[in-house]
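Consider the two complexes below, in which chain A is the common component and chain B and chain C are the respective partners.
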Partner chain A sequence: MAKPKIATASLAGCFGCHMSLLDIDDRILKLVELVDFDKSPVDDIKKFTGRITVGLIEGGCCNEENVHNLQYFRENCDILVSLGECAIMGGIPAMRNTIPLKECLDEAYLNGPTVYNPSGKIPGDKDLPLILDKVYPCHEVVKMDYHLPGCPPSADLIWQALVALLENKPMDLPYEVIKYD
Partner chain B sequence: MAENFEKAIREICEQNANDHTRMMDIVREVQQRFGQVSSEAMDVIADAVNSHRVEVESVVSFYSFLSEKQKGKFVIRLCNDVIDKMQGVDKVAQAFQEELGINFGESTADGKFTLEWTPCIGMCDQAPAALVNDKMITRLSSDSAREIVKTLLENEDENRLTHMIGDGNNANPLVNSMVNNNIREEGPVIFAELEAGKAIHKALAMSAVEVIRDVKTARLRGRGGAGFPTGMKWEFTRGADGDEKVVICNADEGEPGTFKDRVVLTEKPDLMFEGMTIAGYAIGAQTGVVYLRGEYAYLRSYLENILAERRNANLLGNNILGKEGFNFDIRIQMGAGAYICGEETALISSCEGLRGDPKNRPPFPAQKGYLTLPTSVNNVETFCCVAQIVDKGAGWFAEMGSKGSSGTKLLSISGDCIRPGVYELPFGIVISDMLEKAGAVDAYAVQIGGPSGQLIGKADFNRTICYDDVATGGAVMIFNKDRNPLEIAHEFMEFFCEESCGYCTPCRAGNELIKERLEVIMRGEGTPEDLTYLEQLGNTVAVSSRCGLGQTSPNPVLTSLKNFRGEYEKLVKENKDGMQRTFDIHKALATGEELQGRKSVIYAD
Partner chain C sequence: MSDKIKFTIDGVEIEATPGQTIMQAADEAGVYIPRLCAHKDLLPFGSCRVCTVMVNDRPQAACTQPASQGMYVESETEELRQIRTNLVEMLFVEGNHYCPFCEKSGNCELQALGYRLGMLAPKYPYMFNKHDVDASHPDIYIDHNRCILCARCVRSSKELDGKNVFQFVGRGIHKKIAFNSDTNLAATNVSVTDKAIENCPVGAILTKGVGYAVPIGKRMYDSQPIGSDIEARKATEK
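So, the complex of A and B:
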C-alpha cells in the first residue's frame, strides 16, 4: 500500500513554523517512513501528484497568490491544518488590518523616510501578486479542519498531531505542548 | 468664569456631603446643569469628594446618560428596540435627522440638539417613543417628530411638548406626562386597594420573624424574573452579621419589552413603599433605597412627594406608627441609562457611586451588599405582593396561581396584538389564553421574559406562565407571521453587545461572535456547521459569564434555534467544496487593484 502523502505551504508567514517542523530532529526519519512529502517548500515540488492526506498551512492570506494556493490545497487535501498563529489569526502580518491599505502602501513605497522611488508609483508589476484589503486567517477563506496553536507550534506538538492524524487516533496533546507562556 | 464653574461644581458636591458614594447624584447633577461632565469638572469632583480622577471618569464613561463631550440643550433619545422598529421608528428617525440636519450620535452646530438612539425606555405599548431630556414622548410619527423640533426651536422648553395628558396619575401635576397606563386587566394583588399604613400596622403587631414566616407561607417568589423565594432572602439578610441592614427596591426595569413597573410606580407607589417598609421591619433594616432607572426620571418628584407624605404620616422615619425603635427611611437613587444595573450586584455598585459592574458572588448581597451591609434587593412588584400578603393573609395569597408559583403576575404585553398593555393574571395561565386576552390573533412567535427569556412558537402556546414552566419577569412581545425570528434574535444580540459591561471575556467577545455568525447565516452564507457553532458558543457564553447578563444573553439565539430551526435551516447550505462563501475575493482585491493599478489575472471575472 502506498504511503499517505503530506503537503505543506507557507503563505503570509515567516517560515518559523516550517523550521519548527524540522525541529522534530531524528523523528524526521520516522516521518519519512510514515509518509511521502508532496508539494512543499521542503522538497520544492510545485504541483500535487495525487490526493493528499494532510496539508499543513503556515501563515494567513495577505495576497491573491496566498488565496489561490490555499484553495488549491483545499481542493487536494483530505485534512487541512492551520499551523501556528498567523494561519489561525493572521498573526504579525495582520497588524496592518487596523490601518487602511492605502496608508500602508504609501508609507512603504512613497512616503517612508528611507524610500527611494523616482516613479512615485506603488509597484503593480504583473509578476507581483495583488495585495488583499486585509490579512485573512485561513479559516475565513476555506474550511480548515484543525488548528495547531503556537508561534511557532512546538516540534512535539506538530509531531504528535501529525502522527495522530495519520494513524487516525485521538489526539493526545498534554498541557506542556500547548502551553506558551 | 473658571472660578464660577469650579464653585458651582463644588457646591453640587457639597449638597451631596462631598460623599464619593453619592457619585451618581453628583455627576448626574453636573451633567444636567452643564450638559456634560467635562475633564475639568471631573478633576474638581475628584478633589472635592477625596477620590481619584479615574474613579470619576470610570463612572462618567460607563453610563449612557453621562458624557464628557458637550451634549445639546435638548437631548432627543429615540428608542430603537424591536417593538419600536415594528411600529415604524425608522420613519420617525428620518424625520428627526432631516429636521435637525444631523445623524444619530451627533449634535447640531448651535449646541441646541443632540440626537441619540437608546434601548427600550419602557414604552413598548405606546411605541415609537423617545425621551426629550427627561420628558417622555410616546406614539411618535414622522409628523410629530417634525412638530417636536419646531416647538423646541420656538419655545426652548421641553414642557411644551406635552399636549395630551395620559390617564390615571400620569395627569398628576407632578408627573404631567403623556404616558398612558394601558391597564388591561386588574387582578386581586397589585391593583387591589390598600389603605396606606394598614399593612404596616398589621406587620408591627407581629414579630419580624412572624412577618418573614408569612411571606414564606405565601410562597412568594421574586417578581424580577429569577424567582428566588423572597422569605428566604429576607431570612438570610436578617440573619447576617451586623446591626445595619439595607432594603433595596429594584426599579431599574430595563429588560426590553417590560413596562409593568412603570405602571406600578405611577399607580401603586404607596403599595410598593408599604412593602419596602415591611421588609425593613422584617429584616431589621434602617435604610431603604429605590433604584429608579434614569429613563423614569419624570416620575421622580411625584415619588419624592409620596415619600414626604408618608414621612408626615409617620409611615417612614423614626418610631414608625409608634413602634419604639423601628426607624426606617427610603431614598431614591437615580440610575443613568445602563441595562446591566438591573442585575442586583451591578445595581448595588451603582448605588455606591461606582460603575455598574457586577460583583463576585459569594459574598451574596444578603451577606455583604450595599456598602458591605447585608442587603436585600427585591423587585417593585415583589414589595407590592408583600404588602397585600401581610394585609390579606398568606393563605389568601398562596391559594392563587399554580402549585409552585403562587399569586398573580404582572405582564407587559406588546407587539402584534390589538390590546397591548399591562395585565395582572394569575400564575399558571396558559399562553394561548393570555394571547387571546391581548387580542393576538395571528401570533407566530412570542418572546417571553424579554431578550434574556425565550422565543417560543405555536408548539409551546399550550404551556403555562409560571416558574416551573415558562418563567418571566413580565415581558411578553408578540410577533406575527411577517416577522423573522432570526431578525428578532439579531435585534436582541445587538442589544446585549451594547449593554455588556465588558468585564468578562465570554460576554464581551462571545456575544459579538454570536452576532457575527448570525449575520453570516442571515446573509445566506452559512453552513449547517454554523448552527452547531452557535449552539456550542451560546452554551459556553451562558455557562462561563460572570453575571446574569451573559448567562442569559445567548437565549434569543438558542431558543429561536430550538423553536424555529426550520427558519435557520432554510438559509444554510452544505459547504461541499470547502470554500467559504463568506469570503469574496473580488471584494478583498478591489482596493489592491486600484492602488497597484492593474486587474487580477488569477481572479479575472
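So, the complex of A and C:
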C-alpha cells in the first residue's frame, strides 16, 4: 500500500512553523517512513500529485494568492490543519487589521521614515497578488479540521498530532505541549 | 463546630462557614472552580461568569452565591465546561490577544484558562476592533487590546489601594477602562506598587521595564494548569 501523502504551505507566516516541523529531530526519519511529502516548500513540489491525507497550513490569508492556495489545499486534502497562531488568528500580520489598508500602504511605501521611493507610487503591478482588506484566519476562509496553536507549535505537538492523525487515533495531547506562544 | 454548613460539589462534601461563598469554601477544600474576575483579596463581583456552577440545577456564579446547608453543586460537568470555554473564546475574539508577543504570556490567567479548558482555537469570528494603548505613565502602561473588563483594577484601586484610579466608561462593545483624570494615566495618582497593577489577570496593565523576565518553561502556567495551587490543598490535607 502506498504511503499517505503530506502537504504543507506557508501563507502569511514566517516559516517558523516549518522550522518547528524540522525540529522533530531524528523522528524525521520515522516520518519519512510513515509518509511521502507532496506539495510543500520543503521539497519544492509545486502541484499536488494525488490525494493528500494531511495538509499543514502555516500563516493566515493576507492576499488573494494565499486564499487561492488555501482553497487549492482544501480541495486536495482529506484533513486540513491550521498550524500555529498566524493560521489560527492571523498572528503578527493581523496587527494591521485595526488600521485601514490605505494607511498601512502609505506608511510602507510613501511616508515611512526609511522609505526611498522616487516614483511616489504604491506598487500595483497586476502580477502582484492583490492584498486583502485585512488578514484572515484560515478557518474564516475554508473549513479547517484541526488547530495546533503555538508560535511556533512545539515539535512535540506537531509530531504527536501528526502521528495520531496518520494512525487514526485520538489526539491525547499533554498539557505542556499546548501553548499559544 | 455546629455552625458549619455542609454541601457537596460534584459529590464531594465541602464544609463552609456561614457567609462564605461557594468559591471561598471550595478553594479552602482544594476544589478549583475556574474564574477570571474573582480574586481572593477582592469583594465578590460576579461579572465574568466563568465560575458558573449549577446550584440545585440552577446556574449561579460561585464567586457571589453564598454557601448554604445541603446545597447540591455541580461544577466539572461537560455542559459547564462548554459554557466556560465559550466565555473564554468570546473574550479571545473580542479583544486583540496576541499571545506570541505579550509580556504576560505564560503568566496570563485568560490564556491559562484557555489551556485548562482545552481551547485550541476560538470558534467565533475575530472582531479585530481598534483599541488604544496609554503609555503616558513613566512606570505603567495600559493596553486596552488585552483588557477583558474584569474590573479587578477598578476594585483593587478602590478596595485595596484606597485611590479610585480606574473606572468603566461606555456600554456594550464600547465599554472600556478609563482613568480618574482629564487626560491620561500619567495624570492620575496611580503608582507602580498599587495592587491594581498587580491584580490584572491579563497583559492589559503592565509595569514598564520588566519585559519577558521569566524564560519560557519557567512561567507560572507553563507546566502546571491554573488552579493547581488550589487543588494541591486537597492533596496535602489527606
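Here is the rule we go by: the second predicted complex is superposed on the first by the 178 of 181 C-alpha atoms of A that agree within 3 Å, B and C clash if a C-alpha of one lies under 4 Å from a C-alpha of the other, contacts with A are read in each partner's own complex, and residues count from 1 in each chain.
In the analysis below, a contact is a pair of C-beta atoms (placed from the backbone, for glycine too) under 8 Å apart; a residue touches a chain by one contact, two chains touch by 3 or more.
These figures come from a predicted structure and were not determined experimentally.
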Checklist entry - Just from the overlay, do chain B and chain C fit on chain A, or is there a clash? => result clash
Next on the checklist: If we overlay the two complexes on their shared chain A, which of chain B and chain C does A:Ser20 touch? Say first, second, both or neither.
Outcome noted: neither
Next on the checklist: Let me test your reading of the model: by the given contact rule, A:Pro149 touches which partner, first (chain B), second (chain C), both or neither?
Outcome noted: second
Checklist entry - Touching A:Glu140, do we find chain B (first), chain C (second), both, or neither? => result both
Checklist entry - Of the partners chain B and chain C, which touch A:Asn69 in the superposed model: first, second, both, neither? => result neither
Checklist entry - Thinking of the overlay built on chain A, is A:Ser10 touched by chain B (first), by chain C (second), by both, or by neither? => result neither
Next on the checklist: With both complexes superposed on chain A, which partner does A:Asp181 reach: first (chain B), second (chain C), both or neither?
Outcome noted: second
Checklist entry - If both complexes are laid over each other on chain A, which piece of chain C (9-17, 81-89 or 135-143) hits chain B? => result 81-89
Checklist entry - Following superposition on chain A, which residues of chain A contact chain B and also contact chain C? => result 134, 139-140
Item to check | Contact set on chain A toward chain C in their complex | outcome: 82, 85, 88-92, 94-95, 97-99, 134, 137, 139-140, 146-149, 151, 175-176, 178-181
Checklist outcome for this item: Per the touch rule above, chain A residues touching chain B in the complex are 63-65, 67-68, 71, 74-75, 80, 101-102, 105, 121-124, 126, 128-134, 136, 139-143
Checklist outcome for this item: Residue set of chain B touching chain A in the complex reads 575, 577-580, 582-583, 585, 587-593, 595-598, 600-603
Checklist entry - chain A touches which residues of chain C in the complex? => result 92, 96, 98-102, 105-106, 111, 114-115, 118, 120-122, 125-126, 128-131, 216, 222-223, 225
